[in-house]
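The letters A, B, C and D name the chains in turn, as written, and every chain counts its residues from 1.
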Amino acid sequence: MAVSDISHRPRFLAKGNVYLPHIAVIEKIIDETYDTSTFHFNFKDEKLREEFTFESGQFALVSILGIGEAPFCICSSPTRIDHLECSIRQVGRLTRALHRLGVGAEIGFRGPYGNCFPLDFLQGKNLVFVGGGIGLSPLRSLIWNVVDNRDRYGNIDIIYGARSPADLCFNYDLEAWDKDKTVNMVTTVDKGDESWTGREGFVPQVLEQVAPSASNAVAIVCGPPIMIRFTFPVLEKLGFTPEQMITTLEKRMKCGIGKCGRCNIGNIYVCRDGPVFSYAQIMSFISSEY
Amino acid sequence: MKDGGMEQKLRSEAKALLEQGKVDYIIGFEAGSLKFTTTPLITSDKDDIDRLVINPFIVNNLSVYLSELKGRAGIVVKGCDSRSIVSLLQDNKVARENVVILGVPCSGIIDLGKVEKLVGKDRDEIDDITQDRDRVVITVDDNRREFPIREVLFDNCLGCELPTPQEYDILLGELTSAASDEDKIASQKKINSLKNIPPEQRWEFWRSEFDRCLRCYACRNVCPACFCQRCFVEETEPLWLLPVPRWQDNLVFQVIRNMHVAGRCTDCGECERACPVNIPLRSLTREMYDMVDELFHYKAGMDKEASSFLAAYEATDVEDFIR
Amino acid sequence: MKKVTDSKKISKKNIAKLLDEWRQEFTVFVPWRDEAVAKWARWDGKDTSFLDWYRNTVVPPKAIFFPPMEEMFSFQKDREGYHLELPASDEPKQLIFGIRPCDAKALAVLNMTFSDAYEDPYYLAKRNGGVLVGLGCTNPYDSCFCTSLDSSPTDSANVDLMLTDIGDDFLVEAITDKGKALMAKTSLAEAVTRADEARAKDVKETTYAKVTKKIDTEGIKEKLLSGFDNKDLWEKIAAKCITCGICTFLCPTCYCFDINDELVKNQGERFRSWDSCAFPLYTKMPMENPRVEKWRRLRQKVCHKYVFYPMNFDVIACTGCGRCIRLCPVNWDITQTLDNLSAEAQVKMEK
Amino acid sequence: MVCYMTQESEWEPKLLGFLCKWCSYAGADLAGTSRKKYPANIRVIRVPCSGRVDPLFILKALRLGFDGVLVSGCHPGDCHYQTGNYYARRRMAITKKFLEYMGIETQRIQASWVSASEAGKFVEVVTEVTKEVKEIGPNRLFTDERRRNGTKTTE
């Protein structure tokens, strides 16, 4: 993979009409599972390609003009930006239409929006990544970011699970991290099939077995809400404080910039103040509003 | 209809129903927060029962709450509302054993819009509105004026065919009689004048009416016959209509809504009353009601044993329009 | 207290002339009642009868700056790809004549949202070019409760020019530079007398007293938060709600919107339109919906206005215009809800 | 969706037909295979039964700019599913009448019974419907006033 690191570029901010999407062209589509694909794309505008920056954890509103718009996290890393990547699962009108597109098709892209994973806070710490299903995509951006600057961080544990072997996303990345001697990669599935030789078990249980130390560590958890709900108690048991747990929230969004109102929980707007939160920030309302 | 006797009877019956555990809730009316208004009261608390009222301002068709409540409910209904319940029974949306129907023989509900027009004052500027049989006394700034009640009733009440509930367990008063033919004709005035203009003008009329529709869906949500779990306008695959208040989409939405409630709509007039921008929706629903009656001799909510209108057919149904 | 000595007066007879002068420079909007509904419309150049009947409009003036539906951009698709085009903005300067203080305050609230973090170009382009000419109420509705929310029926805080009805004339106060510039241009303004000023003061006081509906905003945030997780209470409060969009669509401070695309052949448009937290689809995601039950949606509406919005912008996002009470098909009354919640909080504290 | 670029005199109506696959669709097929000519104005959507046709389909077609809609199914008593066409008949009756009340020309909404063997009748129906719709002119029901005279041809 040709790697160009853009983390040194001045931060890109949308100018003018923030609702106007940039046009991007799909360069490659990788099928991850039967219903999920990763789209590699690049801006049509050469100048924008040079200027554009983002940080791990940020999201963008991807659209097909005429169909609609929806938020997706940028799942590639800012340290590897030949192109941008979004992993998209077929769940509705827009995502199904996206899956009907081929290489060369144009999509709308506006962003990046939202906050990002707190790299400063993570530096020098041991990192525990806990991911489930397509929830790996925001983590993936951060994991590559961290791996590409390996000396700045302590131990890295990655615990990733999916419902079945066929539901595992980013197999090529999983392999790369598995080979990486400086990373402890644990892959699990809820239920394996005949050819599956790896671990079986739900992510929270596997996390408990792996039992990473909480000392000087931060856990970053992304996945379906049900997994998140069961993972936090396990982390607490392992000695993680709410400040040591980081997650991303997912809400329905239309504007992405804190105006349209639908991602509002309490006084926060997930699009404007999130999507990355520490458990300490959200523990008060996660039970009642999420 | 301000009938102390009826109110007393309602309260004692409702209390008994709750006390004997025959129902889990009572759905009735209590005084509203504004002058001359009432508001639905949905309660399982015996102490709330004394707030129940019956007066000429009990506008809402409470049967709209039936399909969402769990358990058994005692419900206060007027003639048209009771037919909505029958219609819900026909569609199996409500089980008969789960409702105790407290029937109010209705002598018509006062349309505050008409009152306002009649006296040239807004509702809150009027001091008193009292019904005395077929007269109504309206007092504004100590000035008492008397009008025939028919001048201030809702159009659908004016032409009401069945003011006494069609289906009830407890009847709270004496039977009332249907509207006179003269009143029935008067209640159809708007529709008839529409029918008398050329089709292009009629289309133009509806176009301009639906131009101001905001798509708040109050007409749909207030309608007991609109009980779909997910309305066709909310469907995205296929996307029938944009959820955008353009007159074209607004009009299609309303026409299709009318198709869906054909044979279910009992002309309770709630859609028109709820509309914040006063689109004359009853001119659509009532025409559909009459059309169904005329073509198929079917009136909504009259027979709980009958099949729902659009889920049935007769071998002899009209087909003169088919080639 | 503002100095009233700078004020002028304008005869009611001259209002048509004044509007005509302004019409040269602005698109003038006035309250308008076609056969069905009171809303805002372009002034026709003649009719000032609204001065007689106008109490407030059903559709709030937010609709002028933030319309129920607007085109965000259009696009064309050809062999070279998509071409985007912004709609032509032909009406940058709009003058709203006769806006009520509650609605003017609501626009100030909308300003906060639409200029926060990212600027909303559609709203701000219209709003920044707009002039608000306020007209104090003399006859508030029984559903109005603006005096409980740091405002009054004659509050001049959020307008450029403020008019107060003093009989045959309007007393005119120029509040902002925009307003002062407008007054400097017209020759219709006359000097005011002591008696006029006294009359204006009297009108303001009398009207203030006419607003009888009250809510207690003291500690309202804490009270609402203390009952936030009380499911039974919220279920009871929401029982009669039919979850239509009336209260939110016609609320002058509600700003939620939806974005939708339409494509016909190779050209299309992206629209934004009002949306409401009362609708279940509002928060629906493909796999789940955090607010399926209607009490959760209603709770969001109430708490957003009285708790969350103040936490972000330091102002309650309700101006007491009373539309949501007047227009609700089931007479769901937000003031009663706030009372109930306060009472509940009281009981809880006593325990 | 329909273009009005052409001169009025050259205008040909565009019809949408919802044809039951057991009868009318087969009838149309037979008309084709037996080289009977019928107007090319009709576009066909095959439906499993005339009972499948929702009034929404009809309105959507008009909304999209079709000048007329034809729903065609099996003769009474011949429905493949026993009764589907009876339900369709009720629905079509109120749809047609109600849309007429709204101000839509009644000729734009048409219904027919055409069996699989009635190729001749199918040709007849389509020819007549085309003629009738042509007489009343293009469907501009849903065109915006401001666009009616312009060249912008969508909606």
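As a convention for this text, contacts are C-beta pairs under 8 Å (C-beta built on N, C-alpha and C of every residue); 3 or more make two chains touch, one makes a residue touch a chain.
This is a predicted model, so every value here is computed, not measured.
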(request) Please find which chain has its CA centre nearest to the centre of all protein CA atoms in view. (result) C
(request) Compare the CA centroid of chain B with every other chain's and tell me the farthest one. (result) A
(request) Just give me the whole-number Å value for how far the CA centre of chain B lies from that of chain D. (result) 36
(request) Could you grab the centroid distance between chain A and chain C? Build each centroid from C-alpha atoms only and quote it in angstrom. (result) 39
(message) Need the CA-centroid distance for the pair chain A / chain D, whole Å please.
(response) 50
(message) Please tell me the distance, in whole Å, between the geometric centres of chain B and chain C computed from their C-alpha atoms.
(response) 31
(request) Check each residue of chain B and list the ones that touch at least two other chains. (result) none
(message) Could you pull out the residues of chain A that touch at least 2 other chains?
(response) 92
(request) Mark out which residues of chain D touch at least two other chains, giving numbers and ranges. (result) 155
(message) Applying the document's contact rule, which stretches of chain A touch chain B when the two form their complex?
(response) 92-93, 96
(request) Could you please specify the touching residues of chain B with respect to chain A in the complex? (result) 236-237, 239
(request) Give every residue of chain C touching chain B within the complex, in rising order. (result) 36-37, 39, 55, 58-59, 68-69, 139, 141-143, 239-240, 242-246, 249-250, 258, 260, 262, 271, 273-274, 276, 279, 281, 325-327, 329-333, 335-336
(request) Provide the residue numbers of chain C that touch chain A in the complex, in ascending order. (result) 72-73, 75, 77, 81-82, 84, 86, 113-114, 116-122, 228-229, 255-263, 268, 270, 275, 277, 282-288, 290, 296, 300, 304, 307-308, 311-312
(request) Would you pull the chain B residues touching chain C in the complex into a rising list? (result) 32-35, 37-42, 60, 64-65, 122, 124-125, 209, 212, 214-218, 220-222, 234, 242-246, 270, 273-274, 276-279
